[in-house]
Amino acid sequence: MIIIKIFYAFISVTLMGGILGIGLAIAARLLAVKKDERVADIEEILPGANCGACGFPGCSGYADGIVNEDADITLCSPGGSKVLAKIAELMGKEASDPGQKMVAQVHCRGNRDTSTYTYNYEGLNDCNAMQAMYKGDKDCKYGCLAGGSCIKVCPVDAISRDEKNRIWVNKDLCISCEKCVVVCPTGVMQMIPYGSDAIVACNSLDKGGKVKKYCSVGCIGCKICEKKSPDGGFVVENFLATIDYDQKGDRTGAMKGCPAKCIISAENASLEIKKIEDKQKVNE
Amino acid sequence: MKGLKTFNRGGVHPPGKKYLSENKPIKNAVISDLSVIAMSQHLGSPAESIVNPGDIVREGMLIGKSTGFISGNIHSPVPGTVKEISDIYLPNGMTSKAVVIEMEGEFDRLGKESIETNWEHLSGKELIEIINSNGIVGLGGATFPANVKFTLPKGKKAEYLVINGVECEPYLTADHRLMLEKADQIIEGIKIIASIIKPEKLVIGIEINKENAIESLKEAALRADLPLDVVSLKVKYPQGDEKQLLKAVTGKEVPSGALPMEIGCVVSNVGTVNAIYEAVVLGKPLIERVITVSGGAIKNPQNLKARIGTPIRSLIEECGGFTEEPVKVVVGGPMMGFTIYDLDTPVTKGTSGILALTSREVRGAAQTACISCGRCIAACPMGLNPTTLFKYIDHTEYDSAENIGLMDCKECGSCGYVCLARIPLIQGMRLGKRMLRTKKVKA
Amino acid sequence: MLKEFTKGLIKENPVFIIVLGLCPALGVSTKVINSLGMGAGVIFVLLGSNIFVSLLKNFIPEKVRIPAYIVIIASFVTIVEMVMEAFLPALYDSLGVFVPLIVVNCIILGRAEAFANKNTVKASILDALGMGLGFTLALVIIALVREVFGLGTITLFPMGSFNGVIEIPGLIDSPVRVFGLAAGALLVMGLLKALFTWIEDIRRVKQ
Amino acid sequence: MSYIGIIITFVFINNFILTQFLGLCPFIGVSKNVESAVGMGFAVTFVMALASISSWVIYHYVLVPLDIVFLQTISFILVIAALVQFVELVIQKISPALYKALGIFLPLITTNCAVLGIALINVRNDYNALESFIAGIAAGLGFLLAILLMSTIRVKLDTEWVPKPFRGIPIAFITGGLMALAFMAFDNALLKNLLG
Amino acid sequence: MSNNNLIIESSPQIKQFDSTRSVMWAVSLCLLPAGVWGVWIFGLRVLGVLIASIISAVVAEAAMAYLLKKNILNILKDGSAFLTGLLIGFNMPPSIPYYIPIVASVFAIMVVKWTFGGLGGNFMNPALAGRVFVFFSWTGPMTKWTMPKTLETVDAITNATPLGYLKSGLLEYTGSADSAARYLVETGYPHTNIDTGITAWLNTHMGFSLSDGYIDMFLGNIPGSLGEVSVVLLLLGSIYLFVRKIITWEIPVSYIASFGLLIWIFAGTRYSGGTYFTGDVLFHLFTGGLVLGALYMATDMVTSPTTRLGMIIFGVGAGVLTFLIRIYGSFPEGVSLAIILMNIFVPMIDQYTQPKRFGVQVKKEVK
Amino acid sequence: MKEVMKIGGKLAAICAIAAIALGVVNAITEPIILAARAEKLRLALSELSAGLEIGEFIKTDNESSIIGYYPLSSGEKTEAYIINIIGDGYAGDLNLLTAISNGGEVLSVVLMEDTETPGLGKEAENASYMEKFIGTGNGSIIPSSKSHLNAKDADSITGASITFIGIGKALNEAAGFVSQLGGM
């Protein structure tokens, strides 16, 4: 009795398996469709969980998306970093060399405490929108408008705002996409090398006297930095100091000597960022 | 009031406040000693100044030359010396080069009898050239160079010439006064335009809150034996916009993204018509215009005929100054106008009004998140969904906004006017369009 | 090697991080004991299928890969089902239709595809244990919240004089019954997932 | 139960996702945009109908006569998996457009609890062939309804400022939870009273 | 030169009168009379329920605003949390233990509203979701009613709302009453003297042939949730909202009309011997939370469609669902479930009822 | 073709092994399962029968909700019946076994299977729940509505009245069925 049952089970399931297997094999041969090889390769790399976590219909959909629709390659959460690395290799998207990584930084520290303002702005918190209205509410027409457009576009949330409404970039999170630089209407967001130790935190091309009137932390073009740190790569042109980061000389003299205190050290910037991030465990 | 024509969807009814100035006859404004003439007073590329500091200019002399197909000529409103060429802010917040003229010497026209010339023998081409050389731009708000508008594209025929006497913006009464006081000139102007574009029908649309203007134009048309159809319209903002006006008077819709010419229509503002009359018949370039100075904080609201380049401060002073500290000074109407912070901003060709508003009129309130009340959608005359558009723009999804019609938005302000949450919807639309245009897009 | 085991517990927790195998996770997590039972079943099946798939990885033809894996998985599931029905009928009743559904639990096929068919038997075993325990852990966490609030009890195995049920004073009389229902399951899952994301975020920033 | 009854039951009252906890992974995973959700919904409906019929045949013509019902899980899933793969191949060959719309979802569905779920539930409920088929379609439509609604809500949420820890999957669960809360309005009694 | 006090803002430079804040407080204000009525007929304890639900809603709102680093004061001033708390209180039975409205408020504000980003982000009506949450959790206390002071209690069992009373007995009923209100009269459901008096007057002088009971239901002399009973006061409050255009006719009218129509057609068939087209429409309109729901809760802008057509679809959907749940379902009441069910459909409705764009001929698909 | 056969063969082989393994396990577990089920039923029946002799199960072949019955007899005389009936619950069917005397009195009721809500309808699985029904019938009405209960009992089923009504109706039907049987 038991034996017969096992026998039936054996026969029926084996038959089913055999027939279906053969059927599938035949079908696969008859109905074969050519695919982009890279799609197949990526499909191979992907975990095949078909979970849909990437937002695509299954792993093959995502593979297709990567190859044909330029989808972001970081979406597969089951696959994790290993899969990501393999896909990146296959697609020729390599992570840049950290030594030469460029990061964004805001070249302005002006805020309500240090600068004067022209009018009472009401409306959209967006730098491009503010820029369209008399170039923003600050008397300085070169500075950061603090509308936070850069914060909105940064894909990795590397940019944050402190309680004084100043904008800081966390250079460790920045992936050099330059989206913030593109969106910033005033040009105060600029790319600098990851390792740079100092930043001239001013962007104003106005004459020293005028700058002094509207901003206590603005560059007045006094050239003290050039003198105090002759190898620091400081160049003052158009009443504004800039740093040639290819020159690797010492810049501490300039930082200390700057009467406007507008040359800030990268360390200080990092400290400020840490302060913000410690506080804002949840941002909006 | 039933049976009056109007456009069918959207629109709002802000308090008109026209009584403040509608019974004040147009008065010539005092000419200020210093005139600041912006080189960008029209749609399109700015004019190029052809004078240098120290040059002596005469009233009506060409000082800025049109620089392209869509551009305009600019003339000196006063005789005097060029003091400097400087950078100034226009009321709309943009920068422009400007010629600063210190008044001195004798006026060529002011106070003198003007001579009427006969224009009927002139061809369309010649008339257009006169309009161009006198720097006439649309005075209805868009400041579109009039000569360009009247140059019909090849193969197109104008079916309608629609004159825009709607003046739907609250407070403003400049066009209203013009229609009352200069009805004959306007009729003559219409004839000039008609002889250029040869339309089948002539229509003027006027809202019913200007009944005397309707009468005055009807009579003038009768006098001049012009087959002009004076259409009374229901009061509804933004009926003055050409698309809504055409919908109201002709029943036709200008297709999305197209100009009125697409449906065989040409629209011109009554002020523009008057300026054309003055240019063609009197040979006078566009150096002055009628401006309504009004608002709750203005002591004595008036309609002033002011020279281009006059500082706004001087016009306000002429109306008795402020009765109380205004919260906003607006150039243009309250629905589409721009706020200024510097009262020395000069009048331009597009300045239709100057309003000093009190906080009671402005009715600001705390901004909150959108509560999806849908009022903006109901108010939008273009059938757009402002709240969704704004949300896309706020999330930097400009392409999605474009897909649902961002470019159709004409910034009429209806949605912002009704928004319960006080969301700066129109600013968002402008931002979105700018970002799309400059392709600085996509997070 | 040990990493293959620990990753499934937290870093690649199948339920909370990869978000797979949701149906049983939510369907049976009304009581802690059900979660434990389900977890045990899943560990067993995962172990069995991972071992066999990695053993047979060169034998199974590409074209019938999925059917073959499924047959293997289904066999283990059926074994679990029959054994559970025979020896733990009460548990079998309360797990209901979810026992046979282990077959299609995305985790198991997912691990077969993603791991076992590429790795050695030993690694596959560790992976299975880690993933299985991670799954169980997640189920127990969800069940704890749901049972404490939804029933006012914590049900464990009866042992000796202890009948297996801990009653939560205050909640036992008027529990928040929704937690025991479908809606509650989804809500708890969402809130827990948010909590973990939040903790993860803080940890990332702290680093 | 009448056919209408079966449909109402599986679409509303015992909605697979919102009350039965079946098919949650794709419900959460593939509901980020409307098109994918609809595609998935239709694919699931199709496969469920297929699964219902094929499992009914196997159950009644193989398993019961041979008294090997204990093999139902393995034989159902084997047949379903193979059929799905077969259908996928066919669609891919004959209609690339349909494949793009539906086919790419098919492999996902093999590992979807809902499909095996409907096969087992049909057996439990002792449905005949037509009833099974209708139940399969109805359960699929229930899935479609839920995932479609979910996707429209999630699209709306894309432009709301959802707090960071909730963005993405957590808020999807909470949305699902609230939907399930509302779906409790549909209960058995409603159906019984309605259909007399 | 410049004037630093002038505001620089984008057009339009003037705004209409209402704002989110004024609208929320106006709605709260209009609910007040019905609340006062509730306190009066159910006793002072009810005030405690209202205070508990409002305070817990406001505190929950403040807590979330604090956690998410928003300006707490500004957020509280908008009044939406107050209103949500108030409405939750309105939807509670008078005898409810205090912890239930508190849980409802906290769930409504924290989970239903703030996990979606606070005001405007939620897709489901917070107050109703909160109510449904506690209803399913504590069905017993949530369906335990108190007789109003104005009504003499006959015995414990008739401590039921007219709807519940009808539902629990109707199927066995074989008497001769041909409408719900008559059924109540016949089976001894209590009425006030005011009701009897006014009904008699109406019947003799105005030519009506009403049965007893309607007046009680209209005035609010019946057991029920503490804020829903007084139909007349709710209507009065809503007149102000209609006049101020804070709520518009689309949702309430389509909701009530579709519901009433279905009741009229089908409700009669639910008892033995009943026929089509005999449903007791007035009874169903005056009882339960229909008026409160249709006027104050279905109209919540955040969770209802934005276009006119959408609103009508929403209202009709809610009407149909309320009818189904009330007449065929196992719960005596259907309003809250019907509204939150329709809330789920709102994004979809919105998607398919976009306005016709000016100058666009073929409606392009909106994404 | 050979390739194809090989693929099919391999899948068949895996299936074969699986089937045999399952067959063996089944051979071990099936008797245990069956025995357990039978035991559960036997326990329930013996409790219901109250010492009477349980007859053969008789299936009813019509479409009614009564699945079948066991006659209960002492000696020759059939004194009562155990009826297996399906009632309508809140969340689905209620599978009930009830012993009803020839006179129509409900002697005992057991809820065998149900899908009711824990804490509400599921309370009916407890023996104490059914006390409201026991002894009713034969002369008095079997309660099937809240109005048939006293205030205390009515209160105790608040929130679960649908389950209660479902059971009550099923019992009434069962009693009717018994009186038919008696009449036969």
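We call the chains A, B, C, D, E and F, going by the order they appear; numbering starts again at 1 in every chain.
The rule we apply is simple: a residue touches a chain if its C-beta (ideal position, glycine included) is under 8 Å from a C-beta of that chain, and two chains touch if they have at least 3 such contacts.
None of the values given here were measured: they were computed from a predicted structure.
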item: Between chain B and chain D, the fewest steps along chains that touch one another; value: 1
item: Those chains which touch chain C and also touch chain B; value: A, D, E
item: Greatest separation from chain B - chain, by CA centre; value: F
item: Distance from chain F to chain C - Cα centre to Cα centre, in angstrom; value: 33
item: Chain D-chain E separation of Cα centroids, rounded to whole Å; value: 34
item: Separation of mean Cα positions, chain B and chain A [Å, integer]; value: 44
item: Chain A and chain E: spacing of chain centres that average the CA atoms, whole Å; value: 48
item: Where chain F touches two or more other chains at once, by residue number; value: 7-8, 10-11, 14-15, 18-19, 22-23, 26, 30, 90, 162
item: Residues of chain D touching at least two other chains; value: 25, 28-29, 68, 70-71, 74, 78, 82, 85, 107, 110-111, 160-161, 163-166, 170-171, 174-175, 178, 181, 184, 187-189
item: Multi-chain contact residues (two or more partners), chain E; value: 2-10, 68, 111, 115, 117-118, 120-121, 133, 136, 139, 330, 367
item: Graph class of chain-chain contacts, one of line, ring, star, complete, other; value: other
item: Pairs of chains, among all present, that meet the touch criterion; value: A-B, A-C, A-D, A-E, A-F, B-D, B-E, C-D, C-E, C-F, D-E, D-F, E-F
item: Residues on chain F engaged by chain A in the complex (per definition of touch); value: 3-5, 7-16, 18-20, 22-24, 26-27
item: Chain D residues within the chain A interface of the complex; value: 25-26, 28-30, 32-33, 36, 39-40, 62-63, 66-68, 71, 74-75, 78-79, 82, 85-86, 89-90, 92-93, 104-105, 107-108, 110-111, 161, 163-165
item: Residues of chain E defined as touching chain C within the complex; value: 103, 111, 115, 133, 136-139, 141
item: Chain C partner contacts - residues on chain F that touch it in the complex; value: 6-8, 10-11, 14-15, 18, 21-22, 25-26, 28-30, 32-33, 36, 117-119
item: Residue ranges of chain B in contact with chain E within the complex; value: 9, 12, 14, 93, 170, 243, 247, 253-258, 325-330, 332, 334-344, 355, 357, 361-366, 368-374, 377-378, 380-385, 387, 400, 403-405, 408, 411, 413-414, 416-422, 424, 426-427, 430
